[in-house]
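Note that chain A is present in both complexes that follow, paired respectively with chain B and with chain C.
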Partner chain A sequence: MSCVKGLKCRECGRPYPKEALFVCEYCFGPLEVDYDYDRIKQVLTREAISARPKNLWRYRELLPIDGDPTDGLNSGFTPLIRARNLEKALGVRELYIKDDSVSHPTLSFKDRVVAVALSKAKEFGFDTVACASTGNLANSVACQSAIAGLKRYIFIPADLEAGKIIGTLIYNPTLVAVEGNYDEVNRLCSEVASKYNWAFVNINIRPYYAEGSKTYGYEILEQLGWKAPRHIVVPCAGGSLITKIWKSIREFEKLGLIEKAHTKVYAAQAAGCAPIVTAIKENSEIIKPVKPKTIAKSLAIGNPADGIYAAATARDSGGGGEDVSDDEIVEAIKLLAQTEGIFTETAGGVTLGAAKKLIENGKIPKDESIVVSITGNGLKTQEAVADKIGKPIRIKPNIASFEEHVRRH
Partner chain B sequence: MPIKVRIPTPLQKITNNQADVTVKSKNVRELIEDLNKSFPGIKERLCDEKGNLRRFINIYVNEEDIRFLKMDATPLKDGDEVSIIPAIAGG
Partner chain C sequence: MAKRLIKLTFPKDLIKKPITFQMAKKFDVMPNIRRAKITEEIGEIMLELEGADQNLDKGVAYLKKEGVIVEPIVGDIIE
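Take a look at the complex of A and B:
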């Protein structure tokens, strides 16, 4: 059963057929999936969702595939954790971590978008998939396309962390390390995509791919007991996730799955790459591109495709944005590990670091519910913390050595 | 040697399916006018009613985004390569 009518330009509203298209021919605006919500409302109830398997496809009517899902059947439904230790540390009453650092199979929220993109690419009949990635997407496309038996080309900036490179190569894709930053990789891929008939998940399949991010939001709403939080802090790279979380709330409202929500959304970026947060703080309609310089490589997109929509989402919701230094990122990674036991990657450090600042400066009240979006795993970005977490105490295998070196501490 | 311009797929209907075209223009603004002389209608796709470049289009001269150069006043010379690319990609 399909609940998708077609594609529609977000800017000028022109309709397009369900094909591997991503921009409006007339105004170059992004194409978005156009759903038949009346039909969805008839079938998608709380009871129907609750009875389904605990993976991201439990919301399948709100995902843009026509047939049965074929990929990511074990992805999604990651833990939403009540973070009581972190609440104490930050002095807040009610704080949750939505933890995609344990996403199956590649430990980041990108497993969600890739599940949808590959299911759709197969419906379109593609035999080759590709992507431009800052690392997590590379891992997930390489992995899930190996499972699916698709040919795969992955493009990354040449200077990525070892964990992201090894976590891609292990699946034996063609991995192309481009000498340049992500924005250069992305430009190159746009040119490659127009020349080769491949399913570039975040270019020509992007309208479908991006919808997968909504499941991160749906799960939060369901896991909170069919309720929206008052505040949610979201990391921003290209700016898609924050807009899709917002969309997930609006859709659940429209379908009557939650009551009218008053959620404020906040964008988190690294100070060394903060085009979206800058636009929010300056109340600007324009996103000024930047040349990224930050340890948060997974967020290092200086020219974010959804930047204007991300900034508008934060503003329209009554939320805002905050950026954090590299040192603040590391401190936040350590704080999350040492309070809640979650080892997140640099992007998670950005998000928690920004949340901490927003709480400290009073933008987020201490007595209202807050969700912090943790989207990736720290084992992939070990370089960021390796020399900032102490060293093991090395001893001889005898009691004297133990008492000499360890008990003293 | 003229300037080579790479045309994105959505505009190739206007350029008779050519992915690459050549022009001789002094800067990016002039390039858009020159393209429009050869391929009438292409300017209104690239620019809004006020003549400003649409916000969902990025233009690169020799792989550098013109927003890091001199926007549409970015000068062009023989042998330069210009790419016109939809902004909505990646992430």
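Take a look at the complex of A and C:
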């Protein structure tokens, strides 16, 4: 059963059919999926959702596929953890971590969007998928398209670190390392996407792909006992995730699955790449593109496609935004590991670091419920913390050496 | 004739200069503006440029040289 009416332009509202389209041909605004909520309301109840398998497709009427889902059947429904140690460290009453660092199969929230993108790409009849990525998206597209038996092309800048290449190459995609700077790689991929009849997940499949992010929000609401938190802090790269979490809350309200929510959402970015947070702080309706310079590579998007919508979401919700230095990112990664046992990537350090600042400066009250969005795994970005976590104590293989070097510490 | 969909961002000091018009005239490129926004601090235009391929390259290079930020309409897609 399909509950999708079609696509519509986010700027001018013009309707479009359910096709692999992504930009309004009149105003060049982005297209998004338009649902039949009256129909969804008839079938999607708390009971119906609760009875389904614990994966991201338990909210399938709110996802943009027409047939049965075919990908990501073991993805989603990651833990929502009550972070009691972190509560003490930050002096707050009720804090949760939504932990996609353990997402199946590639340890980041990109597994959600790629699952939806591939299911939709197959419905459209594509046999080849593609993306441009420096990390998590490449891992997930390479992995899930291998499972699906689709041909796969992944584009990366030629100077990407070896560790990031291995996590993609293991799935045997055609991995194309483009010699050129970021802008040149970006432009080439736009041209490839317009010339070849492939499902480029974050270009011509983007309206469908992006909807997968909503499942991160639905799960928070369900796992909190069908209610919304007062505050959610979200990492921002292209800006899509924060808008989709916001949309997930509005949709659950509209369907009567939760009561009227008073949630405020906050954008978190690295100080070295903060176009969205800057727009929020300056109350600007235009995003000024920047050249990224930060260790948080997975958030290093200087010209965010959904930046203006991300900034508007934070503002309209009554929330805001905060940016953090590279040192603050590392300290937050260590804090999360040493309090809650979660080793997150640099993006997680950005989010917790920003949450900490928002709490310290009083923008997030200490006595209200807070969710910190952790979207990726630290094992992928070990170089960010390698020199900042001490070293092992080296000893000889005898008790005297142990007691000399260890017990005295 | 080729077409390119691009977003131009104008820093404050360029807002009052007719750079898009000058580019169009100088390189025989036809701009078709679809959406634009301006504040006291910054301006942006979403537009289609149509012209010979080499003229489009020259026109975009001219805009960048003048200080305009030129980006594909889809934003950064390397995630």
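Going forward, the second predicted complex is superposed on the first by the 393 of 409 C-alpha atoms of A that agree within 3 Å, B and C clash if a C-alpha of one lies under 4 Å from a C-alpha of the other, contacts with A are read in each partner's own complex, and residues count from 1 in each chain.
Methods note: a contact is a pair of C-beta atoms (placed from the backbone, for glycine too) under 8 Å apart; a residue touches a chain by one contact, two chains touch by 3 or more.
Nothing here was measured: the structure is a model prediction, and the numbers come from that model.
When both complexes are superposed on chain A, chain B and chain C clash.
When the two complexes are overlaid on their common chain A, residue A:Asn136 makes contact with chain C while staying clear of chain B.
Once chain A of one complex is fitted onto chain A of the other, the partner contacts of A:Asp127 are absent, as it touches neither chain B nor chain C. Judged by the touch definition given at the top, the superposed model places A:Asp159 against neither chain B nor chain C.
When the shared chain is aligned, chain B comes close enough to touch A:Glu184, but chain C does not. Of the two partner chains placed by superposition, chain B and chain C are both touched by A:Asn303. Applying the stated contact rule after C-alpha superposition, one finds that A:Phe22 touches each of chain B and chain C. After overlaying the two complexes on the shared chain, residue contacts for A:Asp36 are found with neither chain B nor chain C.
Residue contacts after overlaying the shared chain place A:Ile203 against chain B and chain C alike.
Look at A:Ser284: by the touch rule set out above, it reaches chain C but stays clear of chain B. Applying the stated touch rule to the two superposed structures, the overlap between the chain B and chain C interfaces on chain A comprises residues 11, 22-23, 26-29, 132, 182, 186-187, 189-190, 193, 202-203, 206, 237-238, 286, 288-289, 301, 303-306. Taken together, the chain A residues at the contact with chain C in this complex read 11, 22-23, 26-29, 110, 131-134, 136-137, 155, 157, 182, 185-187, 189-190, 193, 200, 202-203, 206, 237-238, 282, 284-286, 288-289, 298, 301-307. Interface residues of chain C, counted against chain A in their complex, comprise 5, 7, 9, 11, 34-35, 37, 39, 41-44, 46-48, 69, 71-79.
Within the complex formed with chain A, the residues of chain B that make contact are 6, 8-11, 13, 19, 45, 54-58, 60, 63, 65, 67-68, 83, 85-91. Residues 11, 22-30, 132, 182-184, 186-187, 189-191, 193-195, 202-203, 206, 237-240, 286, 288-289, 291, 301, 303-306, 308 of chain A are the ones touching chain B in the complex.
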